[in-house]
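The two complexes that follow have subunit A in common; it is paired with subunit B in the first and with subunit C in the second.
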Partner chain A sequence: MQPPAEHVHWLFATGFLILGLCLLGEAIVGPDVWRTRAWRAYLWPGIAFTLGVLMFPVMTFFTNSTIHMLAHGAWAQALMFAGAAELGLVRGKLTSPWWRLAMAFAFLVSGTAFLVHEQNAWFFQRSSFLHHLMGWTLVIGAAVPLARCVRPRSTAFGGAFAATFLLIAVMLYCDRDLAPIFGHLSPLAGVQHR
Partner chain B sequence: MRRLAVVALLALAFPAAASAHATLEHATPGFQQRVETSPRAVVLGFDQRVTVLPGTIRVVDALGRLVSAPAHPELSGRHVVAPLHRLARGPYTVRWHVLAGDGHVVSGVYTFGFGVAAPPPTEAYGASGPTRSEHVVRWLYFLALALVTGGLGCRLLVVRGVLPPRAEKRFFLLTGFGALAAIDIGIIGFILRAEDALQLPFARLLYGDLTPIANGTRVGTAFVAMTLGFAFLAALLFLAWLTDRTALLWGAFALALLLTSGLSLSGHSAADAGSSWKSELADWVHLSAASIWIGGLVQLAVVVLPLAPELRRASFLRFSSLATVLVALVLAAGTYLSILRLPHVHDLWTTRYGHVLLVKLGLVALALAWGAFHRLVAVPRVAAGGEGSLASLPRSVLGESIAGMAVLLAAAVLVDSKPPPRGVPAQTVARKASTLATKTFVSGRTPRLRTAAGP
Partner chain C sequence: MNAELVSELKVSHRRTWRVRAISVIGPLTAVAAVAWALVQPYRITLLHPHGQSFWWLFVEPPLLVLVVGVLFHVLVVPGLVEDLEQADAAAG
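Let's look at the complex of A and B:
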């Protein structure tokens, strides 16, 4: 009954892609134009929060290892927390700009979870490489939401913030084996198992 | 820089050899399968090539006797086969560990039965049952459940009106904390259960296969349902705070009450001999009423009394009436369950379950005495308009709630204890429990076989 792991990765990759595109749109046209329609302000934080809620079924139904379950639990809660803080800021329920640090915190936690979760070396296989890359992207990328706390209207930081999510989306799309759709590209990939 | 870009592109272009470490895709006999003919071998199929290690598959009977021969790989190394001796009827435990392509040792445990129903993997040979850490974790889980259920119950049934902003904020903080704590404590509790079943040191537990426990046991089903439920409840709470819609709190309260049944459906009231829908219902009423009572006291002491001066008189009087009903429900359901689990009065002092129940009853008496003081002394004073009595109420209410929390600790130990089997005198059970044979699948108390290298 479980969907293949590839499909789950692609679902979340799509979520991050949409989230990144929303942020990119906001960075390009500026927050004032972006928020001419009030609902748009809720769009990307709402997606982040929803992705966090959706991560919980992944955590509970894919239990082939403890470390896998713990990492997904950390991502789920980090996403929900960061999305909730941003929604609170948009709605005016939270007023301190320091709440934006929630996203930096979520990046740090998520990046650390990637790095701890991936116990293999960088070049062991493609997914190992991408897990390391995603982990370090998020850990180093935590500086971007940190900078946005200080300069919330900066186009450069807004663009970098969007780019982080777009990068994560691309890496998630590439993270799993392509065999279910395209077949193996190389005999080195082993026997097709789906 | 160009070289780095080429390496990155190549890594992205070539498909991965496998999706991380090895995953067990199928097993013969299957998880908790009952077979009617003696199987000739245990066959494990993985999603990738694995390396067989010494003792890769060990199949033991209810007495811990090894019934399998050394395992060997088949089908390009993706299958591992362990031939079996001719089996006698009974339950069997399969413990396996293989070296995956990524260099990690992946481990797992499951059970099957030949001619008998297989026990859940949490009762596999070698599993020793709940530990002290699990008592503490279960207690913390009860507290989290009380914070959520009692907090929402107090807000909706007692306070009813609009809270001042500071009180409202503290209410959401406490209840939200309870929901998140329930998720995280639930995860810790599940991993502790799995650790006991798998009998692995922590480093190897990280790569332990939890699927047979998550999918094949009541504990696992409750873990999945309650984690998802509390995640959804946390989302509802957050949306209620964000949009100021109390209607969402009703949904969260209903969900919290529903989730309380998860413990009833996975505990003694559902699993032990003599259980029925009546025992499950009684357990749910017992736990729900206790959660609303104790969690409500916390809300009253920490939120309403100190931060909502204009609401505290009405709230206290209303809570007092509600608490009377809740205590009556707790006592009625608790008495029924005690009689069901301990049919003989002497079980109270001859069994461990009875001893814990006595401690719990003592603590309940303390909490009830404190509640009676509030009902009989404080309520008339508050109703008469005495401002002085209102000033000292938060501390006194907090004291009652701490007594309630102590009751929950005793309840946590009680839930993890095994009541004596129905129809068997307690002395016989105690004598039997000292033998290795019954330790394995009857009493839930078994010797630990943990070693540094694992089984």
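Let's look at the complex of A and C:
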């Protein structure tokens, strides 16, 4: 009953899409209006935390290699930490805006996890390309939550933050277990089955 | 023109822009999902379900995107528009 890896990527893409749409909504209306209703205030930090929790089954069941397990584990903890910090800020238990750095930290850890656990070159196959692309997107994109710490009410930074999650969702939806990328498919990758 | 009227016009324009922007997110997502399904119909395995395993029938990416767009529009947008209008009325 274990899903193929590509299906797990697509399910996480859906989570990131929900996260991206909520963040886009918050960027447009502003944090004050977004947080008028309690359920909405907790929505995206809760989803981020849940995505972190769901990374643990991925860590447990997809043990292709030790580096995969470590990367997924580190990723799970970083996402949970960032989600928990945002939940604490919304609840008022945490007051310092610098707790938002947790999200920048999660971006860096997630990006590094992507880059470290992809052992093949960019054009080995599509999933390799996407792992490199997502890794660098998150590492460079860590500047966005960092900027959001400094200017939490900025519509531009809020929009960029949402766009990063939407980009990651699109990349995850493009992922396939074994498929060419721009016509490249290493013979070492195996035979494309779909 | 009266300065107070100009201020009201600005608030009204801003509200309209925000309400419009928030209202098109769900439909745009749904349109993207439909376009994706038309371009890559093989991504919807429900169209050719014979011999497919559970996960290939359960996880249909274009349909997932469609559902997210529809749910966002139905569950999140109405309350958000209402709160946005109330906040603008209180500020104006």
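Quick note on the criterion: the second predicted complex is superposed on the first by the 176 of 194 C-alpha atoms of A that agree within 3 Å, B and C clash if a C-alpha of one lies under 4 Å from a C-alpha of the other, contacts with A are read in each partner's own complex, and residues count from 1 in each chain.
Note that in this section contacts are C-beta pairs under 8 Å (C-beta built on N, C-alpha and C of every residue); 3 or more make two chains touch, one makes a residue touch a chain.
Fair warning: this is a prediction, and the values are worked out from it, not measured in the lab.
> Which partner chains sit in contact with A:His7 here, subunit B, subunit C, both or neither? Use first/second/both/neither.
second
> Tell me which partner A:Gln119 touches in the superposition: subunit B (first), subunit C (second), both or neither.
In the superposition, A:Gln119 contacts subunit B only.
> Quick one: classify A:Thr60 as touching subunit B (first), subunit C (second), both or neither.
first
> Is A:Cys22 contacted by the first partner subunit B, the second partner subunit C, both or neither?
Touch status of A:Cys22: second partner only.
> So in the superposed three-chain picture, is A:Val33 touching just subunit B, just subunit C, both, or none of them (first/second/both/neither)?
Only subunit C; A:Val33 stays clear of subunit B.
> Give one of first, second, both or neither to describe whether A:Met69 is in contact with subunit B, with subunit C, with both, or with none.
first
> Subunit A residues in contact: does subunit B have more, or subunit C?
It is B that touches the greater number of subunit A residues.
> Mind sorting out which residues of subunit A both subunit B and subunit C touch, each in its own complex?
none
> Which positions of subunit B touch subunit A when the two form their complex?
The touching residues are 8, 11-21, 23-24, 47-49, 76, 78, 102-104, 106, 180, 183-184, 187, 191, 194, 205-211, 213-215, 223-224, 227-228, 231-232, 234-235, 238, 241-243.
> Across the complex, what residues on subunit C touch subunit A?
18, 21-22, 25-26, 29, 54-56, 59, 61, 64-65, 68-69, 72, 76-77, 79-80, 83-84, 86-87
> Inside the complex, what are the residues of subunit A that reach subunit C?
Residues of subunit A touching subunit C: 1, 3-4, 7, 10-11, 13-14, 17-18, 21-22, 24-25, 28-29, 32-34, 36-37, 40, 43, 173.
> Write out the stretch or stretches of subunit A touching subunit B in their complex.
Spelled out, the residues of subunit A in touch with subunit B are 5-6, 49, 53, 56-57, 59-61, 63-70, 73, 76-77, 80, 84, 87-88, 91, 93, 118-120, 123-130, 133, 174, 176-179, 184-186, 188-191, 193.
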